[in-house]
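Chain lettering (A, B, C and D) follows the sequence in which the chains are written, and residue indices restart at 1 in each chain.
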């Protein structure tokens, strides 16, 4: 059914947005009065329809000539002031289609999952409202045809993230984490806003097509403006995608319900930064320096987060650090100019990370809310389906062929090596080793070995309901198969996304295709990365299954390093001590000293002086007539003398 | 013939004596008399000028001043009596209920 | 239109106040109802202004011009353009909200409502005056009811606060009076006509030296009202002590008079000085943005927090005005409206919980969402609007301002943008401490969610918040022509002055040359 | 020698005549028909004043010199006469019940007030220093008596004594100044002095300069400008409130009338000197008046200091000079008459026999006990502070305009800064009335129909003339000095 009442599905792109929004409004306004079942249905249907529409949009887009796979639709002028114009308009191109498919697809699964997961929560309708709003914002983010509209989505997802992290607002840690997420994101937005303004000032427009079209003519390769624009945009990306130095909010964000972590903090929102960088690839390509920064930050983050992941005991936090790390990979790819690889990894990551999170959610659900891995163990027999799917996810993230993660991660490493440098590759490769290790550590600690559960919990352990398991199974399937869209030498995603790269200026920019890489290099890289992954897995097996007392010994041996890693390099504490506390303290000083003492003190002092003067002058009014006469006489004499002598 | 200036100087001296008297005397009546002295010094000045200028205006003015001074004296003394009735003093330094 | 609609709108509240004078003070319900009817009526008849406003002319519209004090050339000259239109509407809207918000005032309701209505007349008058004298009269006139509102119905330190408010404002504005008179005589010397008519005075070309001083005099009046850092200290006090409606009006309308004054008077009258003063004002505005935000962050009292946030927000407005481009200016005007709505609403919200709990200390709250979910939703929306979340009203104005600033000075823009981060910090931290966390304070367990009246207060504001955020075009398009006209006017006059300066320089140079040459000839001789 | 009887232009002094004759008749009536007239003397004098005002109005628009150029009727004097008559009329309205309540209901009270008024009119219309001196003395002597009219009250006695001694003292300076001017110019006629000075170098003549300075002392005392102001607070406090009210407007206006006429008509050639002196005096007057007013506790005293400050503003008008200056003075004086009398009217209404309740704290909570009265008081206070839309604002605006027009911008700035300071103490009255809890029981108000009428007139003047001042300004502009 390619055409809908005679018009292309592309024209209906607005409805992709509209349904989640409608879901939000209906659930938001009426949700309190509706039953949980209805609320869930509404929430899921909205996203489901969106997904179906997205799919048809995708099909319609495919029908177009690859060179012209861009469809824009303008609805109304949102902000128009002088030469500044921000249109509320959408843009469908391969990149945004990929994104909406991921967002609605994974989103739909997570919505379904949530019905089961959140069933006992009082805020059920609130939850679905937020979730639908999130989907809407995320879709807006990826569909927007200009920077400012994208920024709405950008902030919208941030808001939903804030709301959903703090969903259990009675928990102080949750509400604090939400706030932290929002504020840290704002730091990124600071860069983003400046970037938008710089783009406007440079190009006199903020429309994607026009900007990217004009960029190569407007900007010199490596010019300062190009570097500034891209770096500022990247600041935004760093905030949203939780890269060094703004990653700290993401681990804390795990305070939110697990499906939220899966959707927002793994599959979609946090990858918005990657999307943005890829969207602006034209600009980035013009600024090699920025690309280097992107690559280095990505690589370093990948490794850095992975090391932290080694020592965490909270199941979700491990996953969170692994997310940070994986997004680092994506940036690494983008940074070396392999934008499509970045997106490819984004897609596969969405699958397997969502799967992992949902799996961990299933575990947490089964254990009645327990998140500490040290209190798990041996769950394999209680939760077989969860275990199986989780295993698939873990294999995928570790990069074992033929799971999804293998293809994408391998490609990232390959690109890092072939287009970047050995250093970047080393970062990625070492991170891959660690990833394999800590992910299997997680798997082993959770599902293998003997149970460390308390009696009470053990009695209640159960496999999750179908609404939870079905999404797991679907995602597991995707994690297995998803990688094949980017199968080396016949990469579907590569050819699909190629037109997006370079903004129509082909030849100038390498479309991220890998054909120039020799097959031998490619295969040897595959071998190496597989080897690394296997090594990591084996190490984990050794430490957590074979010799469970080994970790403790190692800890004893490398106490200092362990403590540092365990405490996440004290980054939170450092931020707290260097930024948060001084700011608050300065503010207090500003308030109590500058405001109250100096400014107000000055004002009050004037008032006081005026009054005092009055008090003093009053004393001249002694009440004695002779005194008054004296003042008349003296005054008179002075006047006469002055008028005679001085004037 | 005596220079007019001498009359004027005398008038000035009288005025000053009167003014100083107002400042240093405490008895209301004496103060009032000092004021009268000042008025009369003015009269002297007027008469002098009148002579000097050969105009009658000054002397007419003097008559008015004298009349007014008389009226003032009447009112003034009445006021002093009124205050003496209430406070049994005419010392102006004791009369300072109202100040500041 | 022959109907003197602006006059009717402006003086209807005054008429209402006089009516109330003759109503028995015991009959509280009746008084409230009369006041409400007047306010509603006023708002309704002000709505046609919006629809009948002609978009394509920079002329003032709905003009009325009647001679008032002929001897001085003072006229009752009123009219609105795209700049004042929305402030005018905002005023009538917010007064309506305020009267409804004051439903629970028990104490001397009659005087309260009278003050409120007179205040409305004063505020409306400020925005429509096209005569300097008339403007000044309204400007001062609204001090009195505001002073009484804070002083009589305020909190414990109300007397200090209200006197501070009054004297601060008065101190600023008397200098403006002197400046107005000076301009008046300058205009007389230039044209031979005694007039205070703003439109005529716009044509006056004030010498540069005089511009400096005159600008400074106006600056103090407006800067105190805005309030710009460091003249802001009256604001937190006034806000904290004022009754809810007083705070709403104060934040919503009164502060805008300062910024409006800059736009309407300072810029077109003293274009040269305005340009000269840009660095000072910009730095003060930036200082205000950052300072206000930082100080807001550590406040313990909700109202004080919102008050300091106003300092921060108004910094944006000031910055936008003084970049002399259309985005900045339109952003500023929009931001004035936005700030009026969102901060006004914040004060309403604070007032609502204050009414229930009789405390505004953040520490006394926590976890209110549990008990007051609807309240929480409104509070959240308004908070986000104040933060400047895209899609809500605050963003549009703030962003336009920033774009405008960025166009002229990147450094200013960068510094101002930090306000975006800081606003999130203080607002969300406050929101967390008030609305989130466990509800521990037993006092808070009895809290009731908002009632119908409060719904009626918040809903219209929320709708406007969304409307301006999503589709601000009807508003921006109405101010477009006027703002353009204003900026061209300023620009042209500025250029004339610059040219003069150039000519003078050249002449001076020429004179020096001539001097040299004459010296030379002497030497030759 | 032929004896020529100079023409008696009685028409020119008809208002003065009416007042004088009726004042004497009232005295007679009080002595001989006390029983019959006892209570009606007040109404009668009120009616006389109104009648005189009507007669005075007819003199508008023409300039007549009479009595050998000793007296002049011009718009300036007529306008001032109207100010005097308005203030007298209002004061009589205030007095009727006040003197009854205070137990000083004697007929000579009205006679004295009328005489004082007559003196003022003589001052305003004096074209010769002699006439001015006479008017001044007639007015002053009446006021000395009136100030001490509560003769069994020590404070009243004290006020009277202080006023008398200092007044006489200051008069001596005035007279000496006149003598000096006379000695140099050979005349006491204002116009002739002016023409003499115009034709002779005057600035270098020490006699003229000293004479001018001495005149400043004499007039300065009457208008209560610093440093000759010290009698004001004490006398205002001690005198019966109605008389305080009277003194604060009528005589002050009269002194300004004479001051203006002498300095602007007779001594314009010495302006270079006196304007600087007056400049300093004006600044001192405003500043000291306002600063000390801030710390006053008694409202009468506070109003006394406020009247000192207002004298400072009015001095600005003289300094500014010119048409604008003198018309602004005219307007300001009338404005001040309304608002200040209004304020005193409220003070009178709140006073009781033997207990004036004149401490500002006594007004606590008045806003709730007697809302209308409090509103009225507020209006007067705001008007005195110069806040629109009340007449005080227009008055100040006018004066500042005059100062600025003539280049005295710094003076104007000092003036406005002072008016900000003044806001503080005017506001304090409203603060006390509205924002403080009552500290005492309010006795029933001493309201009589007359007082109410007085309040209505002053309110009308304060509000109506504040909003629609056009006609009055027009009148004031037509009443500037005719040289």
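What we mean here is this: a contact is a pair of C-beta atoms (placed from the backbone, for glycine too) under 8 Å apart; a residue touches a chain by one contact, two chains touch by 3 or more.
None of the values given here were measured: they were computed from a predicted structure.
Ranked by how close its C-alpha mean sits to the mean of all protein C-alpha atoms, the top chain is C. Each chain gets a centre from the mean of its Cα atoms; for subunit A and subunit D, those two points are 78 Å apart. Inter-chain spacing, taken between the CA centroids of subunit B and subunit C, is 64 Å.
In this assembly, the C-alpha centroid of subunit C lies 42 Å from the C-alpha centroid of subunit D. Per-chain Cα centroids separate subunit A from subunit B by 97 Å. Shown for subunit C are the residues that touch two or more other chains, namely 167.
The multi-chain contact residues of subunit A, meaning those touching 2 or more other chains, are 607, 618, 621, 623, 625, 629.
Each of residues 161-162, 165, 169, 233-234, 424 in subunit D touches at least two other chains. Contacting chain pairs (ordered by label): A-B, A-C, A-D, B-D, C-D.
Within the complex, the subunit C residues that touch subunit D are 25, 67-72, 108, 111, 133, 136-138, 140-141, 143-144, 147-148, 151-152, 158-159, 162-163, 166-167, 170-171, 174-175, 177-178, 181-182, 184-185.
By the touch criterion given at the top, residues 618-619, 621-626, 629-630, 633 of subunit A touch subunit B in their complex. Against subunit A, the residues of subunit B that register as touching in their complex are 19, 22-26, 31, 92-93, 95-100. Residues 607, 610-611, 613-615, 617-618, 620-621, 623, 625, 627-629, 631-632, 634-636, 639-640, 642-644, 647 of subunit A are the ones that touch subunit D when the two sit in their complex. Within the complex formed with subunit C, the residues of subunit D that make contact are 367-368, 371, 382, 387-389, 393-394, 397, 400-401, 404-405, 409, 412-413, 416-417, 419-420, 423-424, 427, 430-431, 434-435, 468-470, 473-474, 477.
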